[in-house]
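Would you mind keeping the following structure in view while I ask a few things?
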Amino acid sequence: MLFHVEMTVDLPHDMAPARADELKAQEKAMAQQLQRDGVWRHLWRVAGRYANVSIFDVESPAHLHDVLSRLPLFPYMSMEVTALCRHASSVREGDA
Amino acid sequence: MLFHVEMTVDLPHDMAPARADELKAQEKAMAQQLQRDGVWRHLWRVAGRYANVSIFDVESPAHLHDVLSRLPLFPYMSMEVTALCRHASSVREGDA
Amino acid sequence: MLFHVEMTVDLPHDMAPARADELKAQEKAMAQQLQRDGVWRHLWRVAGRYANVSIFDVESPAHLHDVLSRLPLFPYMSMEVTALCRHASSVREGDA
Amino acid sequence: MLFHVEMTVDLPHDMAPARADELKAQEKAMAQQLQRDGVWRHLWRVAGRYANVSIFDVESPAHLHDVLSRLPLFPYMSMEVTALCRHASSVREGDA
Amino acid sequence: MLFHVEMTVDLPHDMAPARADELKAQEKAMAQQLQRDGVWRHLWRVAGRYANVSIFDVESPAHLHDVLSRLPLFPYMSMEVTALCRHASSVREGDA
Amino acid sequence: MLFHVEMTVDLPHDMAPARADELKAQEKAMAQQLQRDGVWRHLWRVAGRYANVSIFDVESPAHLHDVLSRLPLFPYMSMEVTALCRHASSVREGDA
Amino acid sequence: MLFHVEMTVDLPHDMAPARADELKAQEKAMAQQLQRDGVWRHLWRVAGRYANVSIFDVESPAHLHDVLSRLPLFPYMSMEVTALCRHASSVREGDA
Amino acid sequence: MLFHVEMTVDLPHDMAPARADELKAQEKAMAQQLQRDGVWRHLWRVAGRYANVSIFDVESPAHLHDVLSRLPLFPYMSMEVTALCRHASSVREGDA
Amino acid sequence: MLFHVEMTVDLPHDMAPARADELKAQEKAMAQQLQRDGVWRHLWRVAGRYANVSIFDVESPAHLHDVLSRLPLFPYMSMEVTALCRHASSVREGDA
Amino acid sequence: MLFHVEMTVDLPHDMAPARADELKAQEKAMAQQLQRDGVWRHLWRVAGRYANVSIFDVESPAHLHDVLSRLPLFPYMSMEVTALCRHASSVREGDA
């Protein structure tokens, strides 16, 4: 099932640059693995903001929470979660 | 280029049901044609609300406005438009 | 899976009382049937407002949308939907 | 009587991890004791956020405040409290 | 137990003046009876607005809802309800 | 004349506990003196929050500001002030 | 004593123009009389909006409410009231 | 001097189409005349909304109000006005 | 021309008291000079908050920005600026 | 294509003045270069706030994000991005 998640990152200004780089690299690796696993179905950058819009394909809200709360940047992100379902006018089979 | 649009429909309670049905049928036909044309790339229902989350692939903001303002339900919808771009961590070629 | 839904009812002031009574009776019957079916797990009135807080146990967001959008008062309600999952500190088996 | 409480946790980023772990362990122990006592009737995680939705069964608003303000994480949580009452359409005896 | 309620009245502009006068007279009579009964403990006008701030002394949230929802102007008012309790610094016995 | 004030306290997490205790004790002493003086007419705790709802009986807005700005916790509180007046439906002489 | 009031006018679109003109003429006459009486001390138009910012010099919140609620456009205005007092840095005697 | 104005149009759904067309034609004519006069310096459509972002070059706030309040669609628009000035980093002489 | 400015001060809690006193004294001196110059026409304290409501009489938005951004407390204040103009119902010559 | 961007700067109060000056100088140099390149088409100061309103002329949302995220003050700014298009009533060729 699909969930729409908007994530906004807010790193503390006094975080050491090396620590920030480390977290971002870990976040990227995990994001790419989750995409290859088919869990993180879409990932787009919001133009002009340190934020993304994502579509997750998970088995349950518990699965979604498990995935999101393990993200390395989770403690520094605010999340807005919206449950999606198939639209009666959709012609795209993959967007079930 | 991609734009994220959240549309919320608010039909007046005193609209004649036949008129509402007519508008919805026209909206559905146009939405499906735009999907087949590759312009309305994704269309999902927001669970529990008369609203959708959509991704449009257009040539410009002018193209987007032209598409959205021709929708039969446009006078009865509020729209939130967000410009998207490719995320550095995306592995999905189609989400350029 | 569980979803938290807050529903606020806003009937037009010019709706005929008989029509309002009819809708409310239909809503009550459907709400009670859904409770007996185990789908509408909890239903509480918000003190002082024509609103409720509910917990739904459904198979998917699509199932939730199907249930909510069939409610007789759906066109007159605003809905806030929140996906829930089991809390690591919960001791109550039924709140899975 | 029942109160609906949404709690959002916001730990300072510079809190020592050992202190955070200690507070979370104390919070969990107290939450479980309150559940066993029948005071904290329901406890659900909000998917994707460090937050919960809870139902408390207390003797009075003073009792509720006493319980909430003793929670180890209370200084780091924002709370939204809503008074509930039995819904005329409820068929569940326990949700009095 | 005490609840703080802020009520804002919004009468439709097309309500017949005689109907509005009738509702206001009924509201006043009920408000005064509830004050004499000790249920509506305080009632103040908000300067410059068709709104009031009130303190209710009721047996439960259900009692509060029963009282508020019977008010003749209830369909035309928005309500904000806040549960109160005795403040540790209060010296006023009556504000228990 | 009467003013309704909602005060929310937000102490910095890095304030020394002894300093916090000292400020709270000073605040309590001043609050009780002002109550005995008839200036701070009502003081209630908001259930579940480090906040209060208060009614002040002062000679003028200047008097109110003088009282509030001398409170030991004033630098750590946000205040919402609302001017009240006697309600035409009030039967309580003291709530002039 | 001084109160700052921001008034925003929202006339129903279906009000008869003659009725609107009548109300505006009555409002103007009363506003000018209150200015000559020294009660409505300042009155400015907000550029680009059907709204004003005003300073009232009244004897009490009750006096303010009495003045505002008698304005012919009162049923069609939303009001934001703020209590003012003399600023310690003010050099203008009249702004007491 | 320059003012930034965001205008959002909200025509009543029951306005006769001929009346709406008449107002829009008058609005367009006046907007184009004001542009030729150098008063309405920039005018852009907000993509996806019946709204515009505009820059006005006027002699004073009074001049701005006079221009805006004479627009045929003024009774149906909400306006947000922001005063602008030359930016120290601007290299564009015309944006004084 | 006139601008309405609401300023809210938020000094960091860890600012040295001597530095805060110094800034406040400089702010007061500049505020009084600007009042004597006729630029800062009115200055009122908002009751209960570290905030003021002010009316400035300046030559342009650029002049206003120059004045406000030179205030010693400017880095610690949030500002809301509203352009004013003469109200058609005003009888006070000075409020042009 | 054109995007409207409102940028608000919020430098940490504990940033060293030399570092702030360095960042501002770099920001100014880059802003001026982008203006000369025709990318940053307009740049205005918002009167009374450390904020600007800007119009960017870019090739795509990705181009916009690339430009904005390279600004030296980007980590200290909040951005609101709005996609613009030509208005049917515009007579100004350059505002395509």
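Lettered A, B, C, D, E, F, G, H, I and J in written order, each chain numbered from 1.
Following the convention adopted for this analysis, a contact is a pair of C-beta atoms (placed from the backbone, for glycine too) under 8 Å apart; a residue touches a chain by one contact, two chains touch by 3 or more.
Note that this is a predicted model, so its numbers are computed, not measured.
Student: Suppose you hop from chain D to any chain it touches, then on again the same way; how many hops at least until you reach chain G?
Tutor: So the least number of steps between the two chains is 2.
Student: Count the C-beta pairs in contact for C-E and for A-C, then report the pair with the higher count.
Tutor: A-C
Student: I need the pair from B-H, G-I or A-C whose contacts repeat those of I-J. Over half of the residue-number contact pairs should coincide.
Tutor: B-H
Student: Same residues or different residues where chain B meets chain C? The copies count as same if more than half of the interface numbers are shared.
Tutor: Both copies, chain B as well as chain C, present different residues to each other, with under half of the numbers appearing on both sides.
Student: Once the Cα atoms of chain B and chain H are superposed, what angle does the rotation have, between 0 and 180 degrees and to the nearest 5?
Tutor: Copies differ by a rotation of 70 degrees.
Student: I'd like to verify one number: the distance from the centre of chain A to the centre of chain F, where each centre is the average of its C-alpha atoms, in whole angstrom.
Tutor: 44
Student: So the centre of each chain is just the mean of its C-alpha atoms; given that, what is the distance between chain A and chain D in Å?
Tutor: Chain A and chain D have C-alpha centres separated by 27 Å.
Student: Taking each chain's centre as its mean C-alpha position, how far apart are chain H and chain J in Å?
Tutor: 22
Student: Identify all positions of chain D at which a residue touches two or more other chains, and write them in rising order.
Tutor: Touching at least two other chains: 2-3, 45, 47-48, 61-62, 64-65, 81-86.
Student: Between which chains does touch occur?
Tutor: A-B, A-C, A-D, A-J, B-C, B-H, B-J, C-D, C-E, D-E, D-F, E-F, E-G, F-G, F-I, G-H, G-I, H-I, H-J, I-J
Student: Please name which positions on chain G make contact with chain H in the complex.
Tutor: Residue positions touching the partner: 13, 45, 47-50.
Student: If we count contacts the way the header does, which residues on chain A are in touch with chain D in the complex?
Tutor: 3, 5, 12, 15, 61-62, 64-65, 68-69, 75-76, 79, 81
Student: Under the stated contact criterion, what part of chain G meets chain I in this complex?
Tutor: On the chain G side, the touching residues are 2, 4, 27-28, 31-32, 35-36, 42-48, 52-53, 55, 82-92, 95.
Student: Tell me, which parts of chain B touch chain J in their complex?
Tutor: Going by the criterion above, the answer is residues 1-3, 60-62, 64-65, 81-86.
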